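Listed below are the structures to be examined.
In the two assemblies presented below, subunit A is common to both, partnered first by subunit B and then by subunit C.
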Partner chain A sequence: MEQVQTMGQATIVKSEKPKSKSLWQHAFESLMRDRYAKISIVIIAVYVAIALLTTLGFLAADWSREVGSSYAPPSLENWLGTDIFGRSVMAKMLKGTEVAISVGFITAMISVVIGVFLGAVSGYFGGKVDEMIVWFYTTVSSIPYIMLLVAITFILGKGLVSVYLALGLTSWVSLCRVIRAEVMRHKDREYVQAAGAIGGGDGRKLFKHIIPNVLHVVIINFSLQFQTAIKSEVILSYLGLGVQGRPSWGTMIDDAKLELARGVWWQLAAASFAMFLIVLAFNILGDSLRDALDPKLKGK
Partner chain B sequence: MNIYVYIMRRLLYVIPVLLGVCLLIFVLFNLVSPDPTIMLLGKHANAKQMAELRHELGLDRSYFTQYLDIVKSAFTFDFGRSWSTKQEIIEMIKNGSGPSLTVTFPAFIISTILSLVISLFVAFYRGKWLDKSTVLVCVAMMSVPSLAYILFGQKILAYDFGLFEISGYDHGFPNFIPYVALPCLIWVALSIGPDVRFYRTVILDEVYMDYVRTARSKGLSEKVILFKHVLKNAMIPIITWVVIQIPFLILGALLLESFFGIPGLGGITLNAINSADFPVVRAMTILSAVAYIIFSVITDVLYTLVDPRVRLR
Partner chain C sequence: MSEKILEVKDLVVQFRTDRGRITAVNGVSFDLYKGKTLGIVGESGSGKSVTALAVMRLIPNPPGEITSGQILYRGQDLLKMPMDGMRKIRGNKIAMIFQEPMTSLNPVFTIGNQIEEVIALHQDDVSSKDRRDKGIELLQMVGIPSPEKRYFEYPHQLSGGMRQRVMIAMSLACKPDILIADEPTTALDVTIQAQILELMKKLQDELGMAIIMITHDLGVVAETCDDVAVMYCGQMVEKSDLRSVFQKPLHPYTNGLLHSIPHYDSTRDKTKGRLPTIEGMVPSLFDLPPGCSFQDRCKNASEDCRGKKGNPTLKALAPGHEVSCFNPMN
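And now, the complex of A and B:
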């Protein structure tokens, strides 16, 4: 054994026992064993890459260019056909990824920040603060999600920023509830008492010690929120409350409702498929993440 | 605790929540929203016209009175008149709720029973390929955008094959059936994915409990265990899931109704959104919130009937 330090008679010896694996290592390993989860991660990475490339202008930068006649069906030239103005549906679909990924990411971030902060404060401090926050989220969740969403976008006006805000401000409640319950479970544990005993204040105990221990809930929720946001963006755009003046899957589907009767199915099919694949990937990844990160489910 | 005391206490808790909902609606519609007079009169209105309209709509009163109005309307359901059709909103709601329910109610019953049966069935075969592939199908069905179901469903089943009416509605009992059949079918297709997945998880949570092992070791058949023991214990999450969907039935199917031309509440809401009809959107928001609150009380009371332990908490 390696001798580390000698103090008088006693020698402190470094343990040879291998360090036990952390939750994150376990989770990472079990994710890597899961074939579906790996495929999902690859799909999501491809979408993010497409979104980045279109934002930087390397891909589908000329989506508004006319490439053929109006409503040309899919052909070798235009794989996914063209829309009413003769623009390539393929390019619009790729460009739409930008809106979807940004809506998913920003909305999920907003809802995580609000949900974690309110949930943590409420669960940790309890008492009057807790009552206020519980009242607040009960109130927010009493208005059906779709009505609140519509009301907020209706009031903020059209555009991408209102979509971010409306979706972010309406989707934090479930996360807040879970974080509150988890923090309540953790706050009297020994490791938190120990942190208090060596002089850690409330902020340090809460954000340095408790939050990292409930982070798995946040990650699972993030992946769930991401796909809900993508789906909701489509509905908002369909209602005419969403993105304006740039292609998004929602506006493509919105266009399709008039085209379909004329037999123009490719725009709807392209947008639906693009959405289907990433929502499916997030659904599967979310399930795998839950299996990997939630210790309660271990062994099931 | 006595069950009546419990119900009373639960009802008292409704008051702050309802006041909060009204406050939120007030902030959204009366404080933050852009001046509706500009929207109604256009850009070229003069100050006098705007002031007159503000007075007519009651927007020049103090904020507190406006807030009280909203609270009052949550109890009396007197929402005033629509800005675009000038109809009494409560009349619009009364006329719309019938057609909405003819779509949502049968669809809800069918999808709930069907999903429960499927999930009990796959829970029986848990871990086998049947279970795994059902879960995969559910996840795939959930990932298809809802608008794709509606648009392709209408196009293929009604337009191309002519199996159903494309759109429209007829009042009276047997007359509406051909019009609501396809919307119902699409609703079932939309909800079966999440429903089966939820019920399956809930049932599987119970299957690994000690009481199930006991039941099995004393020789009960798997069927008796699932239907008599597991289903009873899984009742709380199932009730929550079922009852909390009911307010949405009243609200109607926002997208389905507009596509199939059903004159229900969903269609009314959608029209109001498109024509910036504030009072109607606000009324629908209040109505759905009140419905949600009422049904969450009912859920809590049902808990105590299903599981007497809840009352003690």
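And now, the complex of A and C:
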């Protein structure tokens, strides 16, 4: 009976007063007050929507269809002109979004998982484990990154999966370093000691208590990793190591090498603009996320 | 005498540093009885907190290490227990509250969440709804107003005193036998201190647990403890019941400590003048003098204390009143 009453009161009180805000809610509100951040989120949302629609076949499904003569300049019919085979550059650009977003997302995920795990373990346990992981990431980061990408792509063969793995496996080092330092800073805090005093083991202390406290670093890094990956995919495709058989912004820019001499600029312009906009949006978002999540910049 | 619940025997804790090993706790022994409070007093670096952490086996290793001794909880040696079993004891049978309520709670979880975690860790048969009811009940027990609302708040929304109450609620979630309070009131202001101490006393009476109160504040000791142990440089120099220690301190260090408390009532301290202090500095743990570690600051020091008779050990000079000194006060 008593329990029921307490619960009843709890709901009443809760409905009277707004629920207290967590760090994340505060961060979200501060993000929503930031005009540029909002615009960036909208831009990113539009890109993601386009990527989803093209994947599901609602948009630019017929990108390989001939819609006009070869190298037709932009017109009312074909807003962004056509390429060498008379395909719509507009459709190719839209279809390319799919590759860009998937590469950005999956690569950033791979790098976050590896970077957070290795960084956390290395920072928390220290000693031999730390030495090994530091040795490992120093080695990885001492290899020129394009060379490593080329090597991985050659081993795995050309294609989207190789791009994911090649970029994911090379981009975790900086996050790993930051997470390692953050975890080191947190592991001697009293709340971690208190977690030990209530009977929590190493795993619980590290993953339940410390990681949520350094998650803001991960989120900021994710946003920046995302756009780096998009750029890297373009570079890979430009080098001829990227995706095959489907349009990506990289292959479009690669095509433009030959086209520019003939005065065909629209393919290059379309791909560059598409990339420019999302990279800019992610950069601004990353910056705003840092402002919103970094307690040191709060209340400025 | 009530049941002996914890017995610490010849505990030695060492830390490895760049300048060699130091012995932070050197042969400490004490007993703790059900429903009683033992105060461990000493200045910074005397080994009080290390002793407390050692009982929980929470000494960070490396660099720290419990090198010898026994910690018997209900006759069972905690130092020989596997880590798994030890985790089941922490927070469940032996709980601890820390000095800094500001930093001992995880800033990204609600206090309710953190109280529930203790229950979830040790009582896996409690449903999540029951956990919440129990958590709210605990907040009510430690005197937090409108606990149903506070339950969903984050640590940064509470004041220091409230947070310490939450820490107490967390530590009591599993009704422990022993509560170790490591300077629970140091970070709080005086009025809140009194409230927290009163609360702990009340809860001790209700739950019948034993408390180890670690503090450097003799006022807190006088207020809360049944027995007192005084530590200096990692050793226990005097151990007795509260009354004997305060009325007839035997060790010159304890005596010095008691005299360096300012008295405000004019009847007791007619002579105006400077507050008596203990001259000198605590010796570095890296080079303790041979013999008694208090020799350089002691007015009673003689050749015996400088290593001629070896190191002083605890000896009972009166029933239940032990002191480690060659020239005790009389």
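Criterion: the second predicted complex is superposed on the first by the 276 of 300 C-alpha atoms of A that agree within 3 Å, B and C clash if a C-alpha of one lies under 4 Å from a C-alpha of the other, contacts with A are read in each partner's own complex, and residues count from 1 in each chain.
Quick note on the criterion: a contact is a pair of C-beta atoms (placed from the backbone, for glycine too) under 8 Å apart; a residue touches a chain by one contact, two chains touch by 3 or more.
Note that the coordinates shown come from a computational prediction; the quantities given were computed from them, not determined experimentally.
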{"item": "Comparing the two partners subunit B and subunit C, which touches a greater set of residues in subunit A", "value": "B"}
{"item": "Which superposed partner A:Phe28 touches (first subunit B, second subunit C, both, neither)", "value": "neither"}
{"item": "Which of subunit B and subunit C A:Phe105 touches, first, second, both or neither", "value": "neither"}
{"item": "First, second, both or neither for A:Phe117, with subunit B first and subunit C second", "value": "neither"}
{"item": "Contacts of A:Pro212 with subunit B and subunit C, given as first, second, both or neither", "value": "second"}
{"item": "Partner chain(s) touched by A:Trp265 [first = subunit B, second = subunit C, both, neither]", "value": "first"}
{"item": "First, second, both or neither for A:Phe125, with subunit B first and subunit C second", "value": "neither"}
{"item": "First (subunit B), second (subunit C), both or neither touched by A:Leu148", "value": "first"}
{"item": "Which of subunit B and subunit C A:Ala195 touches, first, second, both or neither", "value": "second"}
{"item": "For the subunit B and subunit A complex, residues of the former touching the latter", "value": "16-17, 20-21, 23-25, 28-29, 32-34, 139-140, 142-148, 151-152, 154-155, 159, 204, 208, 247-248, 251, 254-255, 259, 269-270, 273-274, 276, 281-282, 284-285, 288-289, 292-293, 296"}
{"item": "Complex interface listing, subunit C residues touching subunit A", "value": "56, 58, 60, 62, 83, 87-92, 95-96, 98-100, 103-110, 117-118, 121-122, 133, 136-137, 146, 148-149, 151-154, 157, 167, 170-171"}
{"item": "Touching residues on subunit A, where the partner in the complex is subunit C", "value": "3, 6-7, 9-10, 13-14, 17, 19-23, 127, 188-191, 193-201, 208-209, 212-213, 215"}
{"item": "Contact set on subunit A toward subunit B in their complex", "value": "135-136, 138-140, 142-144, 146-148, 150-152, 154-155, 157, 227, 231, 234-235, 238-241, 249, 253, 256-257, 260-261, 265, 268, 271-272, 275-277, 279-280, 283-284, 287, 300"}
